[in-house]
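Structures are listed in the sections that come next.
Here come two complexes built around chain A, the first alongside chain B, the second alongside chain C.
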Partner chain A sequence: MNDLKYVGKPSVRIDGKEKISGATKYTEDIEYGPNLHYAAIVESTEAHAKIVNIDTSEAEKVSGVVGIYTGKDFPFKFGLYMKDRFIFAMDTVNYVGQQIAAVVARDEKTAQKAAKLVKVKYEPLPAIFDQMEAFKDDATIIHPNLGNYEHVPWFFPQANTNIAHWRKTRRGDVKKGFDDADFILEDNYSVPRYSHCPLENHAAVGLCDLSDRLTIWASSQSPHTQRNLFAESLAPLGFSHKDIRVIAPPIGGGFGGKAGVSMEILAAALATKVKGKPIKILWSREQEFYNTSQRQGLLAKIKIGAKKDGTFTAIDHRLYWDTGASAEYGANVVNAVGLSAIGPYRFKNISIDSVCLYTNLPPCGAYRGFGYSEFMFGLESHINRIANELNIDPVEIRKKNAIRENDTLAYGVAMNPNGLLECIDKVAEKIKWKEKHKTKDINTKVGKGFSLIWKAPAMPPNASSAAFLKFSEDGSINILVSGMDMGQGYLTVMAQIAAEILKVPLSKIRTENPDTDRNPYEWQTVASHVTWSCGNAVRKAAINARNQIFDVVSRTLYLSKDMLYLEDEKVKCKTKKNFELPLKDFVINGIQAEDSTFKGGPIMGHGLFMPEYTSANSDPETSQGGHPNVHYTVGAAAISLEVDKDTGEIHIEKAVEAIDVGKAINPSLVNGQITGGLLQGLATVLYEDMRFDDKGKMLNPNFTDYKIPTAKDVPDEIVPIIVEVPQPDGPFGARGVGEHTMIPAAPMIANAVDDALGIRIKSMPITKEKIALTYLKKEK
Partner chain B sequence: MKKISINLNGETRVVHVEPEETLLSVLRNKLGITSPKCGCDRGDCGACAVLLNGRSVRSCLVLAMETDSQKIVTVEGISQNGLTQVQNAMLDMNAFQCGYCAPGIIISATELLENNSNPNLEEIKEALSGNLCRCSGYLPILEAVKESVKEDSHE
Partner chain C sequence: MAILNDFEYKKPKELDVALSLLSSHHEKAKILAGGTDLVVYLKEDILQPKLIIDIKGLSDLNKIEISDDYITIGAGVTFTDIIESKNIKEKLPILYQASESVASIGIRNRATVVGNICSAVPSLDSAPALLVYDSYVLTQNKSSKRSISIHDWFTGPKKTTLKPDELVLGIKIPVIKHTGVYEKLGRYKGEDLAQAGIGIMVYDTNKYRIAHCAVGPIPKRMKKLEDFLNGKEISNEVVTKAKKIITEEIFPISDIRSSAEYRSHMMKVMFERGLKKSIARAKGGKS
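Here is the complex of A and B:
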């Protein structure tokens, strides 16, 4: 481990040149030939209504229209964790923007023109836009068939309500915990919906050829999961997995928004109706906002008890989530938080209720952070307030209560090895936590904010990864895997892992993008788990290939296998100093034996990984008894800012973030995650906010009105700190980092604003307008 | 439909365009140039930037007809004789992640460096502020542009 040559090095991305020369072909860039057709979508203008009639007669008259399809053509449900969606709306629509019909035509313009001529007659139903309204006993029921939906065994939907799932976690004696407290703080925090905003909108192309072979090209984080869901949903049409092929070209950002299945199913379904013709569906930027998945809105009610010395005695955390019109993915966000809403803290007495509520807003799903950014805003704000009330330094109270290795988690399992305290200390030092500085401008106040980082991958207990690895004649390697490089550098990291085992330089390794026909299984690229999970599979594939290499060398050249090792693309032998056999001499064509025959053949490694210790089965009333999470990645972050008390304008001087990644396979890419994730997090707290009108229509579905940061909005300095306490079952000790980097952004801004101005803002975003108005009110 | 002739990446290309067709659409769908991307189709994101007579424009806001007899350069053109200094700095520093915004940012950086051989950080930020990037947090891109200028000054 000490003499690593490729792992741990800040290598240049193996797909870097492709991206920088403009050569990368994203889904929309691929040539699909002159027979390409386009689909345009007819969308609901109502948030909740019965569909009385769909009149397609005028649209059908448009020259060039090939077909118009509605829910009647595809009466099939789909969904990742709960089958609560139809491909097109059936009898009712549940949100503005929901797809009702599609027009397929030979060109985009004709499809769009005809789609506008489809007339839908609605009978409006009462609509719900607030999860607390949805929670009321007399609320309109959005999914009357909820009791009959197929779902994973760890969901607990409640029939005849809007509760899609309710995760309860109970441990210890919460009443006694609060009785023992010297101080109790109880308050509410709210987080609105957010949009992922990858620069590349969703895009999918479907082709069902005349032999019923269905191919889908999609901008996707989940090619195998998509194939599985397409196969399940389209099974009534006679498709099985082997008939369906999902090709996932490089994607222009995902952030969770391209996980699972959303609009891609339209390409798959429509292709089955217009056989032999590829059909392209491109989401516009507007559609990207209102009809993919969004981040769920949250109302969190937090009650924490503490001793005078700052020791926490109990937590009661109630979380009410606005999951929108479908919970097929969002309910698992709710579930993940229901298991982990204690944060990275030692709590012995725990009560968590995480409630997933249907509303008539667009469906929500995975978003970088998977619920943790949302609940950590409240929790880390709350903990800062407790520290201030008890007159304890906010960093000290966190250190005092920070979770340690082998502490018991909320669901009764031991915490993994981690460097949380090291992260806290390093961040406090770099941000100069104890030092206060002043500004020259009398209107400007200075503040510092701190937050911890905490997240576990949320996955089914049997989510797995697999890898193939094959050599070519010159000793170069192609790795076949099915994770997605959404920019995080996955392809490069997999190559570095293989390079390390096989002693082949990165310049001779390619990692291939997924194609479900060719590449082995990967569950999805979500949950910050592919470095860990698929990294293990690639490591095993490389070891498997190495064993094949040693085997053929040993049996052909009569060298003991145990004495063989790899170095500089050659096989060498510990006991025979002069022996060296270049890999390129035999990895395809074998080794010639003394009798002039050849032994061996193409070297092809394979590897797989599934965590065999996880289980989602637990007591539904307490969540005790299972082992739902594989491990937590932890860290700490702090910010130093200046805020203008009159305008609320914030200037971030410095942000520091330390994460325990177990082992940074590529530190340059980890730093990239920290810088990029932190700014994405800062955007959610400083600028972004989805707005809907009183009829459920999104008001700001574009980059003019939904502002994401530009180059001028970056902090003066971001200091990334990598901490490495190895993950016992990680490849070279690595664990995930992608999502975690944005989690501390919102609470540390809230805490810094409080530090600067003495105002506590409990609802995101913390815009300058909100700061200025809150400060004005305080001064009055 | 009108026939236009443009100088695209140093080569004369003749193409028939409709009055409402944008330069972006013609480049992508009729001329096989895919580095400019359609991220928003309303001039917000900058992913479709190209150089029109040396000045960066959002090709989703330019009508193809207006470019008759004009000179257009895309990242394909910039890269055709190998990567430029600023591209190499971006590569070496892992400045981009998903890479979707990269062509637009390279266009903006190229324009900047053509006009200002030694820009300071504020000038670089200003020049790139019309290009959205959701992955990188911008700092690695800004540093790469700065770095490429530094190398320049050693020559």
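Here is the complex of A and C:
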């Protein structure tokens, strides 16, 4: 692998020029023609209520209004893992901001004006805004029909409760583990809801032509999955998959918020009612906050036992998730954590309960980290406290218990090869863990914090990727795949993989975002899996094309296939030094034989990848017996900060993060992920906080009061470290890295604040206010 | 979001025209200068004016006028204009510092100081400076002019003494030799509305003027604190006693941005640090 020419190089993004020149057309920018119509949404003002009446009479009178549609027009359910949502609210509303009706009009202003005239009469029902309230036996039931919902076989919803899913994992003997412990620490940690805040809000345009061909343009992470969900949901109207086409233009950020289906279903549904006219729906920044999907809130109860020497003996981890009004995606976050909440540690005695609870807050779903950021806040805080109590260095206790290759995971499968210990050592060295630096300012104290990183892709066992690869006359290549580049550099990485196999430079390879009609299947761009999964498909497609090339050269020019190889866009032969045939001479038009006929033809590679060793089936009481995850990516991170004891303000001097990516196909893109992800994580711990009033209405759906960091708030120095212990089934050894980068941010801040001021904050966010007031109380 | 309300837009070149438009429309007209508040209110459909009078065409109002005793800031002067004025940086350092803390560069390029005091939100950054400077707000309607003390200007949250037919022409600030600071509490280093703010002015021999914003319904001078401090050399003992007085003069609320407890605590911290900074500056010989 030392002779790699394109893989492992910090190539410039292949879509860079398109982005910086402004050539990129996002969903909103595309020209949809003079028939374009707009939809405005009538939203619920109640958190939980029966809809008594919807009066559209005044709105209908507004000139320019084409139609007003409500739940009655689309009595269809949808959902990714569980069908628990309607397109519009039917008889009841379950959260403030839920869509009740849509007004379609000739222009945006008319649609919005008319939407304001739709009057909805409600009969309020008791509402629940706290998952622990939802968990109570006598709680109001938010989904009375839960027992009848369709769902994937690995979910366990409990009828007549608010429990959408309960993942139980049991291994070893937990009671004995705690009996054997010299020290047990038990405590609770809480994490609020968060919002993705992509630069580009959700946007979708639907067009159903007069022949019932339905096309949806959407700012999306999941074009094929969206097509599948549209087809399932709209099947009663006569649509099948072949009739539905999802075009996914470049997107301005996803972070999980554009995974699955949320508002896009409205564009698909409304288009079927106003045929021949494209209908555009743009979410405002406010709607982006309260009616897409949010990151779930969490209350985690952690109990860990340890020997005097720091060896962990048992873990009992109970996690209660606030999934909001719909669990169709969020329940899989709960599931993933229920299988992995041991963190990157060797535990022999394990009990995990991960419980997904409906509330009357907006629906939650995927968010970069998929539950791991949330539970690692508690777990990595807890482990630091155990280390302090036992008088063991926090880095040493982590090394002592760190998971190794072939250790048994919570669900009974062997851990993959990994460089966790190497990551820990490199981070400790770079942050100068043992040294305490000094501060000149008498108001500030210094502290350091450490955290490990741990995450597996959460996917259905049969999630797959596919790729087409085709040559043109000049030997340049178009790769057709259906993953989404949303800033992470996926398109560039796919091109690098193909370049390496086919020895064609990146400048001659184009890869673009997909159209489900033309591009082959991809499950979704989520779970940090596309480099690994789609990368395998592209690699196979390139190998497939290479085989076709060798085949035609071999049978036409009588050269042994085994002796052929590619170099500098040419076919060469190991046994015939002076032989070279440029690819451009034959990849479309074939090779002319001695009898002047032509052999071969356009070279088109295809490849697919499905992890054929995974299974989601296991014992519901213990989660033993299946193989739910493909691999874990691990790493370590540390931070060095100064905190003002009076104001609580934190100044981060240095952050170091090391991740074992298996193989960095493009190291500069990996470094970009580490920097960006870390900053996103720091935002969640230091500033961001979704707040709701006592009626369930979000109080800060704006950047005035939902703060994300500016350039001024970036740490002085961020040191990314790449560790490479190859993933056996990854393309060139690569495994996922995108989400992992933000996971250590929250616990390492909590640990550093404790180190600096001797205060332990157990709820996120750790704002300057919380630090100052906690310290003030301690000093009194 | 589209602006749903329909309105007329006028951009007069003469002050007389602007004033007669105001007198014929009263509350139905809204003045547009920077628009950083107005346009948000229009987009959110909070205001539904019939007429928008853009005063950026009134070139006389776009000036900072400097004399020996006064500096007058016209209604069209933006925060960026203030930051870029050498005279203001030298002669009105507290206003300069407050202006630098307003929002972000993009907003400061449009937002005006006069617009700031007309919005009269309790958190307005320019208020503590204008209060410690004993400034005057210059207004005019069709028939007369007024010069209103800044101390009488704010009447409640988002309320001022300005009459519907009056236009603010500018703010007149007396110039005296001093040092001082504006200390602001925000949630991060990026742009933020003040959760608490304090302007501190040190002049003559041991004379002090202090004003707050965001810790009461209107920004205000802290007279009890000033009375206690005036004539005193600053020592740790004096500061400790002074901090106790602060709580008597502020009425912070708890809201999504901050708790009353943290606002109170931070007023004391900012007072102490700000005062020490101001005195260090005075001793450093800088004005």
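Here, the second predicted complex is superposed on the first by the 780 of 780 C-alpha atoms of A that agree within 3 Å, B and C clash if a C-alpha of one lies under 4 Å from a C-alpha of the other, contacts with A are read in each partner's own complex, and residues count from 1 in each chain.
As a working rule, a residue touches a chain if its C-beta (ideal position, glycine included) is under 8 Å from a C-beta of that chain, and two chains touch if they have at least 3 such contacts.
Not measured: the values here are computed from a predicted model.
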item	value
Clash or fit, chain B versus chain C on superposed chain A	fit
If touched residues of chain A are counted for chain B and for chain C, the larger one	B
Touching partner for A:Ser240 - first (chain B), second (chain C), both, neither	neither
Chain B versus chain C as contact partner of A:Asn53, first or second or both or neither	neither
Which of chain B and chain C A:Gly489 touches, first, second, both or neither	first
First (chain B), second (chain C), both or neither touched by A:Gln112	second
Which of chain B and chain C A:Lys712 touches, first, second, both or neither	both
First, second, both or neither for A:Asp646, with chain B first and chain C second	second
Angular separation of chain B and chain C about chain A, which is computed from CA centres of the superposed model and rounded to the nearest 10 °	40
Which of chain B and chain C A:Glu28 touches, first, second, both or neither	first
Touched partner set for A:Thr704, first chain B, second chain C, both or neither	both
Touching partner for A:Ser284 - first (chain B), second (chain C), both, neither	both
Closest Cα approach, chain C to chain B, once both complexes are overlaid on chain A (Å)	5
Chain B/chain C common contact set on chain A	284, 704, 709-710, 712
Interface residues, chain A side, partner chain B - complex	10, 12-13, 15-26, 28-29, 31, 196-201, 250-255, 284-285, 486-489, 668-669, 671-672, 675-680, 702-704, 708-712, 714, 718
Chain B - residues contacting chain A, complex	28, 32, 34-35, 37-42, 44-45, 47, 74-76, 78-79, 83, 87, 90-94, 96-103, 106, 124-126, 128-142
Contacting residues of chain C [partner chain A, same complex]	1-4, 104, 185, 187-193, 256-259, 261-262, 265-266, 269
Residues of chain A touching chain C in the complex	108-109, 112-113, 116, 284, 646-647, 686-687, 691, 699-700, 704-705, 707, 709-710, 712-713, 767-769, 772-773, 776
